[in-house]
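These are the structures, in structure tokens.
Shared chain: chain A. Partners: chain B in the first complex, chain C in the second.
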Partner chain A sequence: MQELITRAKELLENGTVARVLGWKIGDLPYNPEPAFFETAESLDKFVYNGFCGANLSKYMIEASKLEGKTLVCLKPCDTYSFNQLLTEHRVDRDKAYIIGVGCKGKLDVEKIKKTGIKGIVSISGAEADSACDTLEIDTLYGKKSCAYGDAMLERCHVCKGKEHKIYDELIGESRDTADKERFAEVEMIEAMSPEEKFAFFQKELSKCIRCNACRNVCPACSCRKCVFDSNKFDSAQKANVDSFEEKMFHIIRAFHVAGRCTDCGECSRVCPQGIPLHLFNRKFIKDIDELYGDYTAGAEAGSLAPLTDFKMDDAEPSIVNERG
Partner chain B sequence: MQRIGVFVCHCGSNIAATVDVKKVVEVIRSEPGVVHAEDYQYMCSEAGQERIAIAVKEHKLTGIVVCSCSPRMHETTFRKAAERAGLNPYMVEIANIREHCSWIHKDINEGTEKAVILARAAVAKVNLNTPLYPGESRVTKRALVIGGGIAGIQTALDIADAGYEVDIVEKTPSIGGIMSQLDKTFPTLDCSACILTPKMVDAAAHEKIKLYTYSEVEKVSGFVGDFTVDIRKKARYVDADKCTGCGLCQEKCPSKKTPSEFNRGLGNRSAIYTPFAQAIPNVPVIDTDACIKFKTGKCGLCQKVCAAGAIDYTQKDEIVTEKYGAIVVATGFDTIKLDNYDEYAYNQSKDVITSLELERVMNAAGPTHGHLERLSDGKAPKEIVFIQCVGSRCSDDRGKPYCSKICCMYTAKHAMLIRDKYPDVNVTVFYIDVRTPGKNFDEFYRRAVEQYGVNYVKGQVGKVIPQPNGKLLVQGSDLLDNKQILKEADMVVLATAIEPNKDVRKIATMLTASIDTNNFLTEAHAKLRPVESPTAGIFLSGVCQGPKDIPETVSQAGAAAIKVVGLLAKDKLMTNPCTAHADELLCNGCSTCANVCPYGAISYEDKQVNDHGIRETRRIAVVNNALCQGCGACTVACPSGAMDLQGFSNRQILAEVDAICR
Partner chain C sequence: MSVNNEFKPKIVAFCCNWCSYAGADLAGSSRLAYPADVKIIRVPCSCRVNPMFILRAFEKGADGVIICGCHPGDCHYSTGNYYARRRMTLLFSMLDYIGVEKGRARVEWVSAAEGVKFADTMNSFVSKIKDLGENVRLGDIRCKN
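Our next item is the complex of A and B:
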């Protein structure tokens, strides 16, 4: 982390960048938050550790409109989002100085809490430089510990890999964290009967409080004006009806990001209700892969997504229909 | 608020028998915006249209809903009627209560309920309709014909005779197509070449026709009246201006082992070749895969012997860009591959051949110089079995579900010709049905049976087994006598199903012309617009649209030509006002719409916008209304809903959905 701060200061001071987009220390040991730093001094509050799960690429939409370059710290998975935003002309490559930061898997405090650990005072072992296999946790009730892997976000168990897809320079080490089959959860749901599926999603989606956190954090949900908020479509009122969350909102959102979602997992990470929102998107990704060949949104800037491209050997509609 | 009139058509009993039209009128009266509703026997009749005009005046209507047949049938009729009554034609909506309702329902209560719902949806839409005004676009007075077979040649000749320029693009080295490979033609038995070659010559000599042989359409952009087409002229390696067509190069060419495409692989050709003697143009091409000079750098014999100095090994493919007002697809057909029909031993025995191969065998210019002989040993056959419907009328996915239409007739022709020339040869035809509708067709078939003694057996062949003695054991069934037949034949001829030329998918994609599940191009209307594609400016000629014989192909070619001429005769075309446009404040500039636009109608501009006080420059989609065809692909792909279609706006469609779900 120190190397990152030193380099950021250097780039700020020599005028290469006008600001730094990273994470600053939060009010709890496990909630650093995205932040812009405009001076070298302010970087004292900069932090990069296992809890810096936030994907900063979406902030670059606004940062691209500012004077001068912005230094942005992107983890390997975040670079897919940045590339996708580049493909969609939402960010300006020339306005970004990308430092690809190493990643050893990001942590989910809810998972730590689920193991029965309460009253967390401090956590060691989550540092970016020396991430350990075990987290040592000081709590109001004494010292506790938790395996790093057990505290990891779901998305890190199915990590797309250590490689940064776009960067100006790299700082820090990454490690392989993938230890689960990416589409296993989707396959489980696919195996359910229609009634079971319906019941499953009703149960999950009924938890939704429409806080819009998923939409606001999603790099693919970057429309200037969301269709749910616009009065242009006579849909705003419908979107305000209580049952809308359960029946429509998340499904429409999944359709809107289909083919563009990089599976960054931010939706599930930020959901205060713990809804596994990534499942919708991952089902689309699986279907697209199976019907049109493997495609990863954001793996390459400027690539044409199968849903907005036509090839002679594309799956015929009849095949798509048969799958249901 | 609109003042809407609803007109419910009985369509005789077509609608009225399954929809209580009086009830539809009664219910729809209470819909918001509806100020008048009535029913009538035939709304499309002059009297019906007059009723609309009267109602517009009497009730000061601003919008009209006609509950009738498909808008593909009479939308234009009613739009024109509204226009005559002083309304903007785009204030008319059709509720399709015939095809979508009365024809598919049996129960009058169900039918009526659905008709009301559809009418309600149309009313909800008209409430949001706004007047639309078409623009104008120019017409390039030149046509392109893709494919130089009899269909393409006839279409081009007819267009050219009407005084318009027309280009034919043919991918093989010569025009002529499959007809040039045929020996005789049914039902008159005149020689195919004798009737075709004069037409080929006419086409080549016509001052309004330009031939691009050995060429392929590479890219198509634009729209009806104004297409831009890139044509790849493949390198012939022979200078067409210098070549005298003497044929010496082909004679001297040492590489003579390439199967001749023209002879269906039954004979060989040289590496430098013209496909057949009467080829047009009579300019050979070099097949670089077979040419020794291209493969090893040595040889060059053709260049040495060419007195005209026409051989040019350095020639390159050339891309020609031309503008056209109309495009005719005449890509024709081929026979299917027989890999799925191992039971007929086509790949095992040289003496099992397709009917098209038999055409070559019986042709004087063919591999056997017109002598009927077994291709395995050159012996004269004594017993020939014809098998019908090989791959046609197939209920599983081995073959094609349709009837290839020409096989019954050409088999009768083959059988008759063989019996006529070789009376000692027995001919047996296994058939499912013999289908001979057409002028003088059934008489022709009966002649084969009655006069020439061809043995027709109703039943299919299960297996053809090559025997050690060189004969072919044919196992079939005779359904009329209810018995199994075992027959030793010397030759078996398969009436192989035809399918559209394999390039048609690529071409249809370039033209955004739709094709059906069998790769035949779809007509704009199966009955009333059979030679037009639903894509404006694209016309269909010949088998690319469906199986046909030569007389039908020629008729259709002429029909396509007159449609083209009708289009080219216009100086300007009215453009469809139902085009897309982007809401500048909603557009993300993400390029999704441009990626899905089949017409290349969308580009991006950096525009200054004022978004509720925020002034900034944004990348925004801009639609070229002349190019946009209103397909709506962009509106569904747009993530933010910024793209909208005039006449089919998101609000209108959702209002229809709401009305249906109410």
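Our next item is the complex of A and C:
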């Protein structure tokens, strides 16, 4: 992390970049937040550790409109999102100085809390430089520990790989974290009966409070005017226009990002209700891979998304009835 | 007085202006019978059918939705139905994934000369929906329970 800060200060001072986009120490040990740093002094608050799960590529849309270059720290999976935004002409490559930061798997405090650890005061082992396998957690009720793997975000268990797809320089080491089958959950649901499937999704989606966090964090949801924005009030952007949107929100949203979703897993990470929203996106990815050939959104800037393309001999929609 | 309790499905058919709508016209002028449960909505092209239209139709109480367009290769706008085909395939797969019965939504390619096919398609679709019964699931996937 120190290397990252030193390099960021250097680039700020020699004028290569006008600001740094990174993570700032939060008010709790496990909630660093995305932040812009414009001076070398402010970088004292810069932090990069296991809790920096936030994908910063979406902030580059706004940063691309600002004067001067922005130094942005991107993890390997974030570079896919950045590439996708480049493909869609939403970010300006010339306005970004990308430092590819190493990633050893990002942590989910909810998973730590689920193991029964409460009253967290401090956590050690989450630093980006250390290669710890266990987290030592200081709580109000004494010292506790938790395996790093058990506290990892779902998306890190199905990591796409630690290769940065786009960068200007690389800092820090990565560690391979993939230990689960990416489509295992989707296949499990596919194998259910229609009644079970419906019961499962109804149970999950009924938790939704329409906070729109999934939409706001999603790098693929970058439309200036979203279909879910109310056209009656500018201020009430969260207000649902009608009951239809309320009910079908997640299905529509998943469809809108189908073929463009890089499976960065931000939607599931930010959901305050813990809805596994990635299951929708991953289903589309699986279908696209199976029906139209393997495609990874954001692996390559400028690639044609499957839904903006076709082949003469594509499968007919009735294939859905024939598949398992 | 006898009460007719037979299930009358509500069926929405999106028909493209250039082929299927003309096909429906031909079915009519050829005096071919198909159920009155089918409500036709004319669209410029099958590609005009936003997946949201289908979801909205279901939410508003439709029991089945069918999209008819020109045969692949015959689109009035050259390629519209190819895009529609990919979209609908993915959408139907998603509907299946969330537990909606297979067959509630369908895509058929009907040309302007295929009045018979139009009537046959509608007859078979209506009987399929009658077998499936009323659409309750897509009415509200999010009902609090």
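As a convention for this text, the second predicted complex is superposed on the first by the 294 of 324 C-alpha atoms of A that agree within 3 Å, B and C clash if a C-alpha of one lies under 4 Å from a C-alpha of the other, contacts with A are read in each partner's own complex, and residues count from 1 in each chain.
Please note the rule applied: a residue touches a chain if its C-beta (ideal position, glycine included) is under 8 Å from a C-beta of that chain, and two chains touch if they have at least 3 such contacts.
What you see is a predicted model, and the numbers here were worked out from it, not measured in a lab.
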| item | value |
| --- | --- |
| First (chain B), second (chain C), both or neither touched by A:P76 | neither |
| Touching partner for A:G53 - first (chain B), second (chain C), both, neither | neither |
| Per-residue touch tally on chain A - higher for chain B or for chain C | C |
| Partner chain in contact with A:R90 - chain B first, chain C second, else both or neither | first |
| First, second, both or neither for A:F310, with chain B first and chain C second | both |
| Chain B versus chain C as contact partner of A:G298, first or second or both or neither | neither |
| Touched partner set for A:K197, first chain B, second chain C, both or neither | second |
| Touched partner set for A:C223, first chain B, second chain C, both or neither | first |
| Overlapping contact positions on chain A, where the chain C interface meets the chain B interface | 227, 307-310, 312, 318 |
| In the complex, chain B residues that touch chain A | 505-506, 509, 517, 583, 585-592, 595-596, 604, 611, 616, 619, 637, 639-641, 650-651, 654-655, 658 |
| Touch list for chain A against partner chain B, complex | 65, 87-90, 222-227, 230, 232-235, 256-257, 260, 304-305, 307-310, 312, 318 |
| In the complex, chain A residues that touch chain C | 189-190, 192, 194-203, 205-206, 208, 227, 243-244, 246-248, 251-252, 254-255, 258, 280, 283-284, 287-288, 291-292, 306-312, 314-321, 323 |
| Complex interface listing, chain C residues touching chain A | 51-52, 55-56, 59-60, 72-73, 79, 82-83, 85-94, 96-103, 106-107, 137, 140-145 |
